[in-house]
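What follows is a pair of complexes built around chain A, which joins chain B in one and chain C in the other.
Moving on to the complex of A and B:
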């Protein structure tokens, strides 16, 4: 009888432990996914790229689409540049956020880089000397929306 | 059962419990580790952001000190370049250190290091002087160019400068704030006020714009320019059918300027160098009367009242290189002023009148730049912006240091 009771208790405890372990693992996977999934890391990458470009851009001129679908910021190629001579254009195309880089005059594209994938929505707006990007990434399993504001420092 | 309990064989309960405890321990450690890593990442990220903000603040302080020094002494003299260490920022655990190196000739470079916790960020930027005259025409409100005006640029200090780009702008966002009549041609950008819609703020009646039309990210600050402290002459300047010549020794504060024709026109000639006049009242030019700034001389007019030019009158700077600084008009009065300006032939000059409605009639081309409340180009040829105005000195009116070439690690 005592053996039966002991085994029953052990079974219940074992089952409980199993449930806790499985639930813990599931939670861990979920949390890990939230911290390290593609939509999260791509969101960081997009924010960093916009930061790097706009913080060094001239605040005299930004071009923004009326519907906020793209933005163009102007930068200096080098210390020898006396006027803004390079442009960066951010826009969404086929679910990718692209960064186009080129010369201002004559207008020529030098490169087009994919900043991140899984873009479901991306809008830009301007608030004074700051540019704001609202980016929604969706990989089918997870959605991540980031709002990033960057201040342009160069005259 | 008794037999079973009396067996000498070891049971499995304790090892199983130990295994369960070890598994729970491993799972707990994993969860704690994940949580801790997340907290470490968040703390590190916030420290980096705080450090970068501290570094930005350091550069802002350095820039403020440089700009604060402008205008305090003439000629501008800086006893020591801004430098500070371990400046604690209020309401933050950030600390910054900044320093500016360089000189006026070779340029200044500001470097600032911000620290927050274990994070450290360094930003640097070049500092350049910027003046008031970035645009050919800048208004607070309306800007109207007559039909057929070509707006471009030249460089009175460097004839070899082939850049012809010149911009015009308004700080207004109102509908039709900029009117580009048919045949107007602008070789640069047309900008409207911050937050404005260029499609509605610019009324394009058939103009050609080589650059872009867009809203400015920020409206240029238009500081009040005060007349310098000049000797108060206690009288006005009057010329009735005669010629009056002013030299640098005649610089001073006058009540008004009244030029009248009595058979012959009244003419005011600026001769022999740089003349500064503070006119506390109005300037009236009668029919065919003239203000002439001779080649090699310059005139700065600080006007508290209005300027009125009758038919055939003429305000003329003879400068052979078309140096726009040969004639500068400042509106220094209170309230809205009116500058009705007329030139028989070419107009060469600068107009800084953010509190004045400026109307310009010219018989020939116009050279220089204009800042006004409202501006209308009524007649004349093409408008040429003097790119030499982009080169400024610390003693010029309204200059300030700005960041260029921002760098960060």
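Moving on to the complex of A and C:
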């Protein structure tokens, strides 16, 4: 009889503990994913990259696709540059957000960097001197939508 | 024989108590661990909400600055895809003293996220001096609630003031 009571107590307690552990672990995994998953960190990286480029870009000149699929910002190679001589082009290709960097004249590509992967949608728009990027990242398990607006500081 | 019987009964009693003690110790350890994880997850969620609020404020500030603090800015037009911006009917918006109200807005970063929070943004402006305008963005949210009645529990805010030249 004592053994049965003990087993019943252990079973109830064990079941309760199991439920708590599973629930806690699930919540933990969800929260950890929301903060540290690839789509989250890549979203931050994309936003910072756009910030860095557009903030240093000339506000006098932007090129943007009619459907918002790409944007081109113009920057200065150095403090000695008297006019824009470098360009950055952001566009989505095969699920990657790419940043192409090159010279304006003659037009030549110097590098193409992959800013982030898992891109399911990326559109750009312009509001005066600010550039807006709406980026949706989806790795199949999690989706992250980044909406960022950057103001160009340079003339 | 009598003595042995008594001894056996005593041992069975100790086994029961020992089991219960073990269960209690185990429970204390697991509840402690669960509490730690729960708190960590909750704090992570709060941090995520505050980070998002700051991003919302920066988004509005940069967009508004891009238009030189235009008093006809319509943030609702920023909505795209799952990013939703709408006029707010929440009664808790407060415009800072000396500032003119541009509008009150409800913002949802991802309408497809069932855990997504609603952010309440108050946009206002003030001409500090000729040619210089202060743009104030105050974003508030309910970190304690995820329900449709979250607006009643708004308890956190993030304010950002930026300046722009006015042409």
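Definition applied: the second predicted complex is superposed on the first by the 147 of 155 C-alpha atoms of A that agree within 3 Å, B and C clash if a C-alpha of one lies under 4 Å from a C-alpha of the other, contacts with A are read in each partner's own complex, and residues count from 1 in each chain.
Just so we're on the same page, contacts are C-beta pairs under 8 Å (C-beta built on N, C-alpha and C of every residue); 3 or more make two chains touch, one makes a residue touch a chain.
The model shown is predicted, which means the values in this text are computed figures rather than measured ones.
Chemist: So, on chain A, is it clash or fit between chain B and chain C?
Modeler: Here the two partners, once superposed via chain A, clash with each other.
Chemist: Considering only the touch criterion stated at the top, classify A:76 as touching first (chain B), second (chain C), both, or neither.
Modeler: First partner only, chain B.
Chemist: Return first, second, both or neither, reflecting whether A:9 touches chain B, chain C, both chains, or no partner chain.
Modeler: In the superposition, A:9 contacts chain C only.
Chemist: Give one of first, second, both or neither to describe whether A:63 is in contact with chain B, with chain C, with both, or with none.
Modeler: In the superposed model, A:63 contacts chain B only, not chain C.
Chemist: Is A:48 touching the first partner chain B, the second partner chain C, both, or neither of them?
Modeler: A:48: touches no partner chain.
Chemist: Return first, second, both or neither, reflecting whether A:154 touches chain B, chain C, both chains, or no partner chain.
Modeler: first
Chemist: Running through the overlay: 27-35, 99-107, 171-179 or 207-215 are the candidate stretches of chain B; which one clashes with chain C?
Modeler: So the stretch of chain B colliding with chain C after superposition is 27-35.
Chemist: Identify the residues of chain A that lie in both the chain B contact region and the chain C contact region.
Modeler: On chain A, the overlap between the chain B and chain C contacts is residues 2, 6, 10, 13, 17, 20-21, 24-25, 27-28, 31-32, 35, 128-129, 152.
Chemist: Could you pull out which chain B residues touch chain A in their complex?
Modeler: Checking each residue of chain B against chain A gives 1, 4, 13, 16, 20, 23-24, 27, 30-31, 34, 38, 41, 56, 59, 125-126, 128, 130, 189, 194, 212, 214, 216-218, 402-408.
Chemist: Provide the residue numbers of chain A that touch chain B in the complex, in ascending order.
Modeler: For chain A paired with chain B, touching residues are 1-3, 6, 10, 13-14, 17, 20-21, 24-25, 27-28, 31-32, 35, 55-56, 59-63, 76, 79, 126, 128-129, 152-155.
Chemist: For chain C, which residues count as touching chain A in their complex?
Modeler: Listed in rising order, the residues are 12, 15-16, 19-20, 23, 26-27, 30-31, 33-34, 37-38, 40-41, 44-45, 47-48, 55, 58-60, 62-63, 65-68, 70, 78, 80-83, 109-110, 112-113.
Chemist: Show which residues of chain A lie in contact with chain C when the two form their complex.
Modeler: Spelled out, the residues of chain A in touch with chain C are 2, 5-6, 9-10, 13, 17, 20-21, 24-25, 27-28, 30-32, 34-35, 47, 121, 123, 125, 127-132, 134, 136, 143-145, 147-152.
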